[in-house]
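This is the structure I have questions about; it appears just below.
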Amino acid sequence: MAVMTYLEAGRRALEEEMRRDPRVWALGEDLGRGGVFGQYKGLQETFGPARIVDTPISEAAIMGAAVGAAMVGTRPVVEMRFADFALCAVDELVNQAAKARYMFGGQGRVPLVVRQPSGMWRSSAAQHSQSLEAWYAHIPGLVVVCPATPADNHGLLAAAIRCDDPVVYMEHKDLWGLEGEVPEGAEPTALGKARRVRAGGDITIVTWSKMVHVAAEAAAMLERDGIAADLIDLRTIWPWDREMVLGSAGTTRRCLVVHEAVQAGGFGAEIAATVAEELGVKVKRLGAPRLPVPYAPPLEEACKIAPERIVAAAREML
Amino acid sequence: MTRPNFDAARMLGHYRTMSRIRAFEEAAEAGQKSGEVRGAVHLSIGQEAIASGVCVNLAAADYIVSTHRGHGHSIAKGADVGAMMAELYGKAGGTCRGKGGSMHIADFTIGMLGANGVVGAGIPIAAGAAHAVKLRGGGEVVVCFFGDGAMNRGPFLEGLNWARIYDLPILFVCEDNGFAATTRTRSLSGGRGPDARAESLGIPAMEIDGNDVQLVDETASGLLSAIRAGGGPRFLLCRTYRLKGHTAHDTAPYRPASEVEERRRHDPILKCREALLLHGVPAAELERVEAEAKAEVGSAVETARRMPWPDQSIAWEDVQDVGAAQWR
Amino acid sequence: MAVMTYLEAGRRALEEEMRRDPRVWALGEDLGRGGVFGQYKGLQETFGPARIVDTPISEAAIMGAAVGAAMVGTRPVVEMRFADFALCAVDELVNQAAKARYMFGGQGRVPLVVRQPSGMWRSSAAQHSQSLEAWYAHIPGLVVVCPATPADNHGLLAAAIRCDDPVVYMEHKDLWGLEGEVPEGAEPTALGKARRVRAGGDITIVTWSKMVHVAAEAAAMLERDGIAADLIDLRTIWPWDREMVLGSAGTTRRCLVVHEAVQAGGFGAEIAATVAEELGVKVKRLGAPRLPVPYAPPLEEACKIAPERIVAAAREML
Amino acid sequence: MTRPNFDAARMLGHYRTMSRIRAFEEAAEAGQKSGEVRGAVHLSIGQEAIASGVCVNLAAADYIVSTHRGHGHSIAKGADVGAMMAELYGKAGGTCRGKGGSMHIADFTIGMLGANGVVGAGIPIAAGAAHAVKLRGGGEVVVCFFGDGAMNRGPFLEGLNWARIYDLPILFVCEDNGFAATTRTRSLSGGRGPDARAESLGIPAMEIDGNDVQLVDETASGLLSAIRAGGGPRFLLCRTYRLKGHTAHDTAPYRPASEVEERRRHDPILKCREALLLHGVPAAELERVEAEAKAEVGSAVETARRMPWPDQSIAWEDVQDVGAAQWR
């Protein structure tokens, strides 16, 4: 066990995987200088510029080249800098990486990881704040991961790198500095398995990424009122852990889904709809209003979910 | 006039490859017209010399990346015509198990990394394949085929720049048939052409008659040697002509019959045939080659027709490993 | 009233709007030759090559140029040929067109229409068959329209062209040849209003695009068994007609959503989740499995929804 | 040495514009460091001559499209410094009502169509604005600013080709400060440079010292005249240097202090000052101009500080008309 930041945990996972497997390499802008958030710090010194590759501002080629390089037996880790810039490479990710194995009848595989730092962070406004996990969850062929803790940013990134599928890996920018314990020498975390943050029998709260921490606050507030929330950190958005979610909601008969992304068409809809279909119990979602993320703090606030709102929503359902 | 460096056996090989491509394309066209071959089918009739002339210089371990017009490249690289035809027919024994069809024809066993339904998308993919080769210290080369229309897509710039700055073992082959679908490419392209663009990105470029298979072969051979020697990327612009419409359904009313007539006289197979005859290869030999090609393709069609449809259960295979059983 | 195809109805709407408003123009590949499906036939002869613009294969520039041209007072109609190719222009559509008005504080507007022919059609396989309306519905700033009939392809395209917001306009490729009556000289159809295809009190079926016709078949089959479906063609996916859907589902207490798109993360989830949240009634969705669309007919079939499946799903809910 | 064609009044105008930009950038930097200015802030310190030299040749009706580093362009085009500063402070009176911040600074009233958070994204947008101008038969021109790093993005090729084939009234201005964020752009760019790429797309290109405001002004003037006369697009490559880090938080440890020191001697404001003094403009006059610039910006900061936050209700405005009230 060692205490480290979410950022450092990701850095270590990459470093360990690169040591373990010489086929693993990383590519993206400014990686030699440590990457835009410092999450690659020191890696080029360790592995050299051929394995920690500084690229031009060519998102389409970064992603497209990773597809070709993955097909030919290497395991690229693609850095997109901000999830928003991955929108410059959607053909490459969605039409190529996600579909190659299938449309070629299983001949080729595209084992790549696309790191897409996501979410609202320091008033970054409309083009640097998006959370688009729902998009990628909708695309057959892709795995989608949203780690919430240092331990998971370590264990899930390792798992993503070892995975033979293309994985969209969405770190939350506002979590870089979060500290937590990371088990040493542990096996990678299983993809597709949720984590029960705290157990409770009164209401199921399903969430992921930064909202795990906001929801944990809310759960603590509810607890003070004697309401026990079963709080689930989904961790992997696709495939999502239906078993844990349906199991919990079947017991509590109430399922609240909370995410930072825009609520309309967000992945919360998938979960709520599934729970309603399968169990016919109460469901509710909390997500951002359908607004581009604004710059000014009080406006940005309008897009955020405070613990109090989760508490209020949970109360309404009881 | 006889040609210098004429190698009759090699040229006969080209004649065979081109005839096999031609026969395949004609069968694909017929299949599309009969409705047995579905989806969009893009024929390379008239462009066979490029596929044959380039790919003869490749080993099985080398890679190619292709386009929507990918049958010829696949055959020239060594793909099995039977499995290819089965793919067009959407049958279980197709190269892609019936999941891809013409636009996604691929054969990874011989380094054919796939046709592509998105114009220009193959360029960064090919650059990435070459990047991987370099990364693992391999000696293979990658050939990236694309059409003149692709020069106006952003990935052209990004992919070529990529190959240049990382000094990758890749040959870019632009098949300039003058058209992007129904539009004359040059009318919507600024500057001198794709070769000038490649040069502006630092990649040495050449322009040749892509209907002269000997010339394509010799030029590609030289460029590939330079690449194999660590010389970095090269660009080969091949002038050619699409003798058929954009798709097998397109009658191409947007170009004068006289133009097509004129171009038909430069049919690469015709040219190759003339050269072979001139160099003393008997006509009967050529006819035998053609007949064999037709027979091979004919039996591929028959086999494809008789082959069963893929079992619907395979629709659920090859999607992904993680969550493989979770469909909703 | 005149009977015409869905394709011709769209062609006419564009022609009429171009006559009405000199600021309207269209741009895309091969438009001079009528467009890839013939939906622009004759328009370049009528309006000249400056207003029906043949473009190079430059999806990013087509969309990006349309954004700039819209900001400066013209009203571009962008043709993307296949919805799948719009993935080459996502930054331009999602980061630029959708957000410009907002992030510039209302200074600029981007009144453009992006036609994105969608859906499965003639074994077109993974890169030419996608239905991605859920993506665009998730993006603040965008309007999303999916016409199902010739009348709507006329009335909604006209409305989309007159709309001051960027509109993603998704015609279904398998409907081009569908014939139907189109009222002459009618006002554009209101965006955001659903259409009740047939009234019934037993179950609400919400659908759009080609599935309207499949669901109508299913409704007829149900009727033979004495089950009256309230069949709603959503027409506009964003904003969707919550009022009609919730009104109907409140009466029938059952809501089945059917769409051609992949079910996981599809827009059906939004509707089902909303209905469950608001009314607590039975919900169910039918969409494609999470598969890239395969080529061979029996495989492609696995992605399609037959009327029988709708009937079975409806029965289960009763 | 005195300069030919020296117009003291015009140069004094440049001195004023550049001083106002410099003062604005320094205040933005301070605001970012104090935490009052949020988001990412990219300073144009050292690059002011390009904005001033180009924009002095534009009328209010002409358009510009900018980048993430857009303060200078906005000021040179005539945006109100007070409203700009309020925007950086996220206040109600900001040019974008506090919704955009530095990276989305814009002022449509003076034809400033927006900064952009996505590198290269402005290029097709600018081409489209020029397309619209041509379509409606207007006489305006569009200037598209972008950095050297943008030359490696696909939209560079697509947007320039677009401008060429439709013969649009647009001037592309590449501000080549040698860096793309922390990386030296040339190390990741094939070929001779962005001007060579422009030429390969058929657009006449020139390269000049972008720190010499008189030269920028004269060159831009000539190019814009050609464009206004219907000559189609032009490309201007301006060599310059970013005297600060990539963002206001970046201390730029990746470049030697000696290099920055060297380049500081080519500070465009310094150069302009020397020229003015040489041509007899009194130092006091220059100091007055600087003091005015600082005062203007100082009061803009004070006003911005005191200004109220935007009311949260406006978060729901400006999204879209259709479905404006439907948030979920």
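To keep things simple, chains are lettered A, B, C and D as they appear, and every chain counts its residues starting from 1.
To be clear about the criterion, a residue touches a chain if its C-beta (ideal position, glycine included) is under 8 Å from a C-beta of that chain, and two chains touch if they have at least 3 such contacts.
Predicted, not measured: the structure shown is a model, and the values here were computed from it.
Asker: Which chain's centre, taken as the mean of its Cα atoms, is farthest from the centre of subunit C?
Answerer: Relative to subunit C, the chain with the farthest C-alpha centre is D.
Asker: Identify the chain pair with more contacting C-beta pairs: B-C or A-B.
Answerer: A-B
Asker: Go ahead and note the Å separation of the Cα centroids belonging to subunit A and subunit D.
Answerer: 36
Asker: Could you give the separation in Å between the centres of subunit A and subunit B, each centre being the mean of its C-alpha atoms?
Answerer: 40
Asker: If you average the CA atoms of subunit A and of subunit C, how far apart do the two points sit, in angstrom?
Answerer: 30
Asker: Where in subunit B do residues touch two or more other chains at once?
Answerer: 94, 96, 98-100, 104, 116-118, 152-155, 158, 161, 165, 187-189, 319, 326, 328
Asker: Multi-chain contacts only, two chains or more: what residues does subunit A have there?
Answerer: Correct list: 55-56, 58, 60, 84-85, 88, 91, 95, 102-103, 125-127, 140-141, 238, 264, 274, 289-292, 294-295.
Asker: Are the chains arranged, by touching, as a line, ring, star, complete graph, or other?
Answerer: Shape of the chain contacts: complete, all pairs touching.
Asker: With touch defined as at the start, can you tell me which subunit D residues reach subunit B in the complex?
Answerer: 152-158, 160-161, 164-165, 187-192, 196-197, 199-203
Asker: Name, in rising order, each residue of subunit C that touches subunit D in their complex.
Answerer: That would be residues 23, 25, 50-51, 53, 55-56, 58, 60-61, 63-74, 76, 91-92, 95-96, 100-108, 140-143, 163-165, 191-192, 236, 238-240, 242, 274 of subunit C.
Asker: Quick one: in the complex, what on subunit B touches subunit C?
Answerer: It comes out as residues 38-40, 90-91, 94, 96, 98-101, 103-104, 116-120, 149-150, 152-154, 180-183, 185, 187-189, 254, 309-312, 314-316, 319, 326-328.
Asker: Would you mind writing out the residues of subunit C in touch with subunit B in their complex?
Answerer: Those residues of subunit C that touch subunit B are 29-30, 32-33, 36, 54-60, 84-85, 88, 122-128, 263-264, 287, 289-292, 294-299, 301-303.
Asker: Please output the residues of subunit A touching subunit C within their complex, sorted ascending.
Answerer: Residues 84-85, 87-88, 90-91, 94-95, 98-99, 102-103, 125-127, 132, 134-135, 137-141, 238, 261-262, 264-270, 272-274, 276-277, 280, 282-285, 289-292, 294-295 of subunit A touch subunit C in their complex.
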